[in-house]
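One chain, chain A, links the two complexes that follow: it is found with chain B in the first and with chain C in the second.
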Partner chain A sequence: MKSFLKMSYLDFKGHLGPFQVEEFITLDTMYPFLSLVFYCLLASFAFQTNDLTKWVIGNSYLLCTNVCIFSLGSSFYGERCYGRIRSIICSPISKLQIILQKGFFPCLVCMLTTTLGFLAGGLLFRLPFHKINFGMYFLILLFAMMGACSLGLFLGTIGLLTDQMHLILNTMSFIILIFTGSNFPVTQLPICGRIISQILPLTRSIEAAKMIFTGYDGNRLFELLVGEFIVGIVYLLLARVMVYYAEQKAIKKGTLELF
Partner chain B sequence: MNVVEVKNLQRKYETKKGWVRPKKNSVNTVRGLSFCVQKGEVFGLLGQNGAGKTTTIKMMITLLAPSAGTCKVLGLDVEKESKKIRKKINFIFGGEMGVYRRLSARDNLLYFASLYQLPSSMIDQRVQELFELVELTDKADCLVETYSKGMIQRLQIARGLINDPEIIFMDEPTVGLDPIGAKMLRGIILNMRDKGRTVILTTHYLYEADELCDRIAIINHGNMIALDTPENLKKKHATKDHQTLEDVYIKLIESSNSEFKEGENR
Partner chain C sequence: MNVILQTIRLQIRNSWVRPMFRFCLIVNPIMNTFFLYMMFLNSKETNFLAYVVFGSGLMALWGCICFSSIGDINRERYMGTLPLIYASPTSFGYIIFGKIVGNTILSMSAIVISYFTARIITRDRIQIGSPGYLVISLILAMISFSAIALCIAYLLMISRKTTLYMNLLEIPIIMLCGFSYPIEILPQWAQVIAKLIPITWVIKLIRMSISGVISVREYCKMFFISTISIVVCILFTWWLYIIIDRQIRVKATLEVS
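Up next is the complex of A and B:
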């Protein structure tokens, strides 16, 4: 475990550089927070309402996309670009361990970013914080970020096969924005949209997080959390399968370091 | 005892361009190489740019599958038993890629030591030993992005030795090294040979190959054109005016090039 944490930290540090508070505040918190403010204001004018609880919760969960989708999504592509992928592929360590250690610290950063965004958004738009069970909030947040990081890692492994990661990651960030129920209720989406929402992480967590403000049914909450957990595990397994497939294909075709 | 056995090794790269009428292009980089490397030997692979040296090394380190032929490292097939091979070998590629520039050199080595699953109790000691070996102790805690090209290459050498490999593959390891750094690397290679480790080396510096290698294979256009000890190569191919390994190499390559062109024209 100690070795896992150490490796995970070094990988995180190696990709993000010497971690600086200013960098975290401006890039990982301020920029996504301004997006949250934008969507909440948009909702208040569009729906003519002052109760922005649903939008603050939904959009605070989307604050993680910067790290989950863009940072994790480009992690393996970065290893390819900087010539480190051969050391990773040719090392005896389990590739699943590499995937997990790449996701661990980003998951913690996502939890921090989302919480900060939620608190700041809540203060700005006067959310009734007294109604929240914070223990439950953090439990939902943990499952949500595990699922989102798993999706990010899965997307990241696609970077072993393609050089079109900007297209893929930007498309995915908009799919998450539209289909997870953060801004548009899932029930109002067309059928194909509802199907997409069910295979995405965050959809169930956002519904669960909204429930803790409106009063919740324990069974439904449990179902949502289990669902979110399963989605996360499925994406992790897909990431492992993708690394195996990409490794085999690249070794056969000689494309691991080619673009 | 042979630690590397290569028989009729071939590698073809195939590329496809276009969606509607895809144009296929195929390049044969390695065309039937056969050689063996013995335990404790320093084996040199020499050749022009594009001769197939790096491709051959990549096949031996399990990073590339052969298109035909067999390649066994430590008695294990590179395609079917790659996992077992990877624990026991390592490689050094020339150039500035392959390290985390935003980490310190020490953090880089700690990370790569974890990739090779070194016991945590011995990681710090091993890392320190390697810094002393490559003479980077003073700068071990500086970020790699502040390093010169030669310092990065020294770090690459330390990275390649992290798991104390039985066989080390070095692809132009002295690229970017100053004369003192290159001399240090030559010392490391000879020291590894004394310890019974095997070194497979590619280089464009022929005096280096002459000094270090027990045997040398010269390849051109993916074919083996000579394989012998440096002394024997010089004995067989040197003339009165041209007696160095470099002279022999140029003579062999030029004669191989004209044969290759004649073959293509036919």
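Up next is the complex of A and C:
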């Protein structure tokens, strides 16, 4: 466990190393918050409403996109660029452990970003905070961020097979924006869209988080959290399978550091 | 003129080759159109498709400008070609102008992509009240987007953190200029800032043309304000260029800053 935490911290430190304070404040804090404000303003006009609770919750969950999708999604791609990918693949350590190490601290950062975004957005759009069970909110948030980080790690492993990660990650951020029900109900989507929304993380936790404000049914909430947990586990396993596939492909074609 | 035309042609070809530009030009408007359509589906707006098509098209256009036109100087710097084009006998201003116009012309096709995406999704026609005025407004939009891009590109010439700033510029402009909602829903102080940006006025003109120009006098008034704001922006850019040019020559910081 100690070694796991140490390696996770080192990985996280390595990611934050080139970042300066102003970059962290602007790119990781201000930019996502402005996105939240924009989508809430858009919703207030499109849905002609002043009660923006649902949109503040939904979009605060999307604040993790910057870390989960873009940072984690480019983690293995980054390792290749830094020349560390050979060491990772050749080391006897479990690849699943390496994947989990990469996701641990970003998951905590995502929880912090989402909570801060939610509180700031809530203050700006005057959310009824007294209605929230904060314990339940953090429980849902934990499951949500685990799922989102798992997806990010899965996307990251795709970086072992392609050099078009910017394209994949940007498209994925749009898919998450559209199909997780953060800005409009999933029921509005066509049938294929609803299927996509069910295989994505965040869809269930956003629904669960919205239920905190509108009153919730315990069974439904439990069902949603279990669903979110399973989705997260499936993405982690997919990430492991993808690393195995990349290893096999690299052995056959010698392209580990090419794609 | 020949230099500008050649640069426009070259820039269009160079931009098209980059996968990220193609994402901004093709995937971005398609996704945005679908997203905005879903957002406006149950709205009470009568001609909401106009908000969907032009909102998503202009968002994609601005995305292309942010990630291409504004970043072009930085790209030249990293490729090592910045001093060459700066020191060539042709004015550096003409080359940058040609690059930005080339990008803007190519990026305008995002509106066409949004239009066809909306047609496929809804199988419905967009009602355009005054098509003639819309064409004039779109031409003015192209000029205003180019002017803003030129201004920001020069500003970012004195910084190496172009990537950071071009990421940061996207959402605030979309939010302030009312790409997908009228700026009247913004707080008063934000409306004041929005009115200082030429794009805001051009978007008002586009929206007026779509809903149909009832008062030509009102359209002309708005057109006049748009033109004035664009001219002010160009003059500011020119002044900026002179200062930066002098700074670069005195301090020799073209590739350093």
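Criterion: the second predicted complex is superposed on the first by the 251 of 259 C-alpha atoms of A that agree within 3 Å, B and C clash if a C-alpha of one lies under 4 Å from a C-alpha of the other, contacts with A are read in each partner's own complex, and residues count from 1 in each chain.
The rule is simple: contacts are C-beta pairs under 8 Å (C-beta built on N, C-alpha and C of every residue); 3 or more make two chains touch, one makes a residue touch a chain.
Given the structure is predicted, the values throughout are model-derived calculations rather than measurements.
Superposition of the two complexes onto chain A shows chain B and chain C fitting side by side, with no clash. When both complexes are overlaid on chain A, the residue A:Lys252 reaches chain B alone and has no touch with chain C.
In the superposed model, A:Arg126 makes contact with neither chain B nor chain C. When the two complexes are overlaid on their common chain A, residue A:Tyr82 makes contact with chain B while staying clear of chain C. In the superposition on chain A, A:Arg220 contacts neither chain B nor chain C.
By the touch criterion stated above, A:Ala46 is placed in contact with chain C alone, chain B being left untouched. In the overlay built on the shared chain, the residue A:Asn170 is in contact with chain C alone; chain B does not reach it.
Between chain B and chain C, the smallest C-alpha to C-alpha distance in the superposed model amounts to 16 Å.
The part of chain B that touches chain A in the complex is made up of residues 11, 13-14, 55, 58, 61-65, 83, 86-87, 91, 93, 95, 97-103, 107-108, 110-112, 114-117, 120, 143, 159. Residues of chain C touching chain A in their complex: 19-20, 23, 27-28, 31-32, 34-35, 38-45, 161, 164, 167-168, 171-172, 174-175, 180-182, 185-186. Interface of chain A with chain C (complex): residues 23, 26-27, 30-31, 34-35, 37-38, 41-48, 164, 166-167, 170-171, 174-175, 177-178, 183-184, 188-189.
Against chain B, in their complex, chain A makes its touches with residues 2-3, 6-7, 10-11, 13-18, 82-84, 86-93, 251-254, 256.
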